[in-house]
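Right after this note come the structures.
You will see chain A twice below: alongside chain B first, and alongside chain C after that.
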Partner chain A sequence: MSNDFSIHVEHLTRVEGHGNIEVNVKNGKIEKLQWSVIEAPRFFEAMLRGQQYNELRPITSRICGICSIGHSLASLKATEDALNVKITEQTALLRRLAINGENMQSHILHIGYLAAPDLFGVGSVLPLIASKHKDTVLKIVKLHRLANEMSDIICGRTVHPIRLIVGGFSAIPTKKQLLDLRKRLDESKAITNDLAQVIHSVVDKLPNFIRETEYISLSADDEYAFYDGVINSTDTGKFKDYKNYQTITNEYFVPQSTAKYAKHNRKSYMVGALARFNLNSSQLHSNAKNIAKLFKLKSINYNPFMNTIAQLIEFMHNTEDSISIIDKILDRGLKEEKQIKTKIKASRGVGLVEVPRGLLIHDYTINSKGYCTKANCVIPTNQNHANIQLDMEKIVPEIIDKPPKEIEFTLEMLVRAYDPCISCSTHYLDVKFI
Partner chain B sequence: MHTIHVSRVPLITWMLSLFKPVLCMKKICIIGIGNPLRRDDGIGIVLLEKLVEQKKTLPKEIQYLDGGTGGMNLLHILPQFDIVIIIDAVQFNAAPGSYRFFTADEITTNKNINSISTHTNQLPQVIEISRQLEELPKQLFIFGIQPKNTSYGRNLSNALKKNIKTLLSSLQNEIETIIEKNK
Partner chain C sequence: MKQKPRVAVFDFADCEGCELEIADLEEEILDLIEIVDIVSFREVMKEHSDNYDIAIIEGSVMRPMDEKRLRDIRSKAKILVALGACATIGGVNKIRNQWMHDEVLRTVYGEAPIHGNELFNVFKTKALNEVVPVDYYIHGCPIDRDEFKHVITALALGKKPEIPRYPVCVECKKNENICQFELGAYCLGPITRAGCKAICPTHNSPCEGCRGLIKKAETECVWEVLERYNLSYEDIRRRCTMYNYGKEECKVDE
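Showing the complex of A and B:
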């Protein structure tokens, strides 16, 4: 045991954006233990003020290169909620396909390129290509490529979509494209199962750490919720008054971070794949349930390291769900639809969706001329910061007898398990001092 | 991936093209990357859009792509082309608004170029993974522009704004030279 040691991880690698970990131990006692987000604050909400309602979606899609479809959909739902725009069944189905594609893109990126190196004991994905695991890397690349092309087919781009507009789509995929996509999704299930077996063979590298916390995600009666649903909590149940989401998210500032933190029923809560699994696992498709069985993952699971496994399960679910959605679209007949006319009125709208890292909320106030006068975006990673901090406070005393390098590695793995997207989570209060 | 084709060339140019070999059989893509919500970081997207607006000079077979901040997505785009030209903000300690045109090989082999992309250095990683997967295009170039201000906001800094015409013209020249070499 080291009586005195310090750990300072500046700009933690293999996460999106910049975060620091600091640990100081003196005479075997923890003096400082801090997770901090130090990325420059972003002012997206300020950029939205003064913009016309149909410009909000293209701007917000640039907030994040990973969740650009999710931000687009949250933005459209908020705008449509404010302007009372009702979308068609086909639009809702295509949007569900879009969000599945993005979730698959993001999850496989995290599992394959960011988390897998920890499981295989290497520093990055590059040594894996040159190792006996090259075949696994090629499978990951193949799945990532499929998810990317799916987003392109539905949204017109792999990133920063252009076809998603208020009330519908500016262009839709062809029947041939959907049939081809369906075939490739069906074929990919075998690759995902192979990958699950490989990850399972090294799953004992994930620490067996438990800390009870609250999990929050959307839930829906008839599906594993991504596009639609009501806020649900493992502590307090469903909360249907979506326009008062602030009573759930309770965002606040801490001195060590440029990003907001959040809490609800306890000192922290977690959002993301594990939260969705914990709240909605009974609604997973069959092959996804089989992967959960393989890893013996049952709800409620309180190990944040299992978030990566929940992502793998969701990847399979999104694949199966997309096949089922394509069947529905084709059964009812794919058709070009007239653009829905929008009637401008002064109002406020709130849009909620589940994006890869958890619950995303956009809240807009629009004036009688159709311009945004107020905006608020609640980002998933912000909701997880307090939970990361409390996980660290529990795990460090449990492993304090380990060598400092091992403690450092475990803490890095812990943060990576949350798949934080720090670069889009940073916001800061605009204060003018006199 | 969204591809934008250049507007049609004038009829006479098209007719003349029937009497000579196709300009370039190789598949060429020009990719702008960056975030237009971070001022000069979006210069790659701004130049790409201006390039697409140009209705002459470049062959219509060239594909144009807004890569935004997709990062690893480039890994799946690169293998589709023989020649790729990436337009990006690059920190190389030069006067804001100046540019360097360099190849993918120079990123890893020429230590002096100090070509660090502003996107958490993801571009060199993507190129290296692509190289190791043996999917790197035969020719990969970067048109890197020195940014001045990459804080949050939607407008380019004045240093870049006043250089836009020069940058666009230099970019076009570089593209034309590559096309000429590959005829």
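Showing the complex of A and C:
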């Protein structure tokens, strides 16, 4: 055991964006322990001023490459809320497919390329290709490709979707494309189950760490919420007054970070796959429930490392859900729909969506000429930063007798478990200070 | 056998979508690592080396601390490739350049105690070539995966990669799309560099100019289109500001 040591992880790898971890221990006492976000701020709030209502979607998509479909949908929902645009049932179904596709590609990227190397003790997925795990890597690649191609079919492109527009879609997939996709999704379930078995065989590499916290996500009456729902908390229950979401998210400024932090009922809360699982697991589809059983994951689970497992469960859920959506679309008959005419009026609108990393909120004020005058975005990763910091403060004393390298590795794994999206979190739309 | 070129991937202020496009090459990454060694790629690998031949850089430069890092990378790399609109032309990050940066800071941070904190010390958004010499450009928001493979393969073989100098309209016509202007949209296809396979108009969405504007001589056709469809210059110029704010300062065209 060493009484004095310091850990400085600059530009943490295998996460989206730039973050640092700093630990200073003197005489066995923690003097400094800090998670900080050093990504350059990008000022989207300022940039949206003066933009026309139908340009807010393509611009805010650029907040984040991985979550660009999620940002697009939150943006459209906010704009449509402000302008009172009612979308058709087919549009709502296709958008649900879009969000499923994004959740799947983002989750499998994290599970397979970003998190799995830690479980197998390697620095990246590349060495795994030349190992006995090659078969598993190829399965991950296959699932990732399927999820990406699904987004291509629905949105025209995976990174920065093209077809998502105010009131609907600029183009829609063909019946044949949807039938092909359905077939491939159905076949992929066996591959996902195989992958679940492989991850299960190394799941003991995930630290058994528990810290009680608050979990927040959307919840809906009739489905495991992604596209629609009301804000729900494991501490305080449902909150229906969505335009006053700020009373839940309470964002604040910290000097070590170019990203905002958030808190609600406690000093921090968590959003993302584990939060959704903890609030809505009874609404999962059957195969997804089976994976939860395999890992003995039950709500409420307070181990943040299990977020990766919750993502795996959601991957299966999104697959099953997409199959049933395609059936619905084809049953009602796929048709080209006329673009909905938008009536411009001065108003404010708020859009809420569950994206891979959790609850995403866009909030726009639009003037009588259809131009944005004020905007705010609440980003999932920002809502998690304070929770990451508090997890670190609990876990380091628990493992302080371990070699510094092992402590560093555990902290890196902890941050990766949250699958942080730091580009998103430094979008900087609006900041409140306490 | 000749040693494979050593490639490092770096990112500055951006959405990392272009790096994601590289990851989305899936199995084809395996073909690429046959011809190059990836020695640093923070988004997907823990290993890092400062010994590289080709630096592929995504993102815009926003702060003195970023500028210092970029100069350091330039000093180590034999070839520097700008990846994606944020790096090649500044991209959406330049939208804020229409305001003074201290005004933008005030708008976003209010009275927060950020003075003297280098994390928040921003200047106007710069494309990479406004800080260091850039050897090659992979355009787009996001990049086109085929063009990425084309450029990297050429560089690995010691060749100069060629990219289109004609407008998106050429590729759009090849795809037999109905002209976006015919549909009542403002499209930057006539003045934007091709190479994207006209992906946006092909999905019935106008071109936003993410691959940078081509030389003026080739832009005349757009004025004809404007006249034909009675469009206003202001509207189309304002469209240009999504990716090409202050395009007169943009030195991409060789």
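Heads up, the rule we're going with is that the second predicted complex is superposed on the first by the 426 of 434 C-alpha atoms of A that agree within 3 Å, B and C clash if a C-alpha of one lies under 4 Å from a C-alpha of the other, contacts with A are read in each partner's own complex, and residues count from 1 in each chain.
Here is the rule we use: contacts are C-beta pairs under 8 Å (C-beta built on N, C-alpha and C of every residue); 3 or more make two chains touch, one makes a residue touch a chain.
As the structure is a prediction and not an experimental result, all values here were calculated from the model.
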{"item": "Room on chain A for both chain B and chain C (clash or fit)", "value": "clash"}
{"item": "Which of chain B and chain C A:65 touches, first, second, both or neither", "value": "both"}
{"item": "Touched partner set for A:144, first chain B, second chain C, both or neither", "value": "both"}
{"item": "A:47 touches, of chain B and chain C: first, second, both or neither?", "value": "both"}
{"item": "Touching partner for A:158 - first (chain B), second (chain C), both, neither", "value": "both"}
{"item": "Contacts of A:362 with chain B and chain C, given as first, second, both or neither", "value": "neither"}
{"item": "Chain B versus chain C as contact partner of A:130, first or second or both or neither", "value": "first"}
{"item": "Dominant toucher of chain A (residue count), chain B or chain C", "value": "C"}
{"item": "Partner chain(s) touched by A:109 [first = chain B, second = chain C, both, neither]", "value": "both"}
{"item": "Touching partner for A:260 - first (chain B), second (chain C), both, neither", "value": "neither"}
{"item": "Single chain C stretch clashing with chain B - from 1-9, 109-117 or 217-225", "value": "1-9"}
{"item": "Touching both chain C and chain B, counted on chain A across the two superposed complexes", "value": "16-17, 40-43, 47, 59, 62-66, 68, 109, 113, 124-126, 129, 141, 144-145, 148, 156-160, 162, 423"}
{"item": "Contacting residues of chain A [partner chain B, same complex]", "value": "16-17, 40-44, 47, 59, 62-66, 68, 105, 109, 113, 124-126, 129-130, 137-138, 141, 144-145, 148-149, 152, 156-160, 162, 423"}
{"item": "Residues of chain A that touch chain C when the two form their complex", "value": "11, 13-18, 38-43, 45-47, 49, 55, 58-59, 62-66, 68, 109, 113-114, 117, 123-126, 129, 141, 144-145, 148, 156-160, 162-163, 165, 170-171, 253, 255, 257-258, 423-424, 428-431, 433"}
{"item": "Complex contacts: residues of chain C adjacent to chain A", "value": "11-21, 23-24, 26-27, 30, 33, 38, 41-48, 62-63, 66, 91-93, 95-96, 99, 104, 107-114, 117, 119-120, 122, 141-142, 199-200, 202-205, 208, 242"}
{"item": "Footprint of chain A on chain B - complex, ascending", "value": "1-2, 35-37, 66-73, 75-77, 120, 125, 128-129, 132-133, 151-154"}
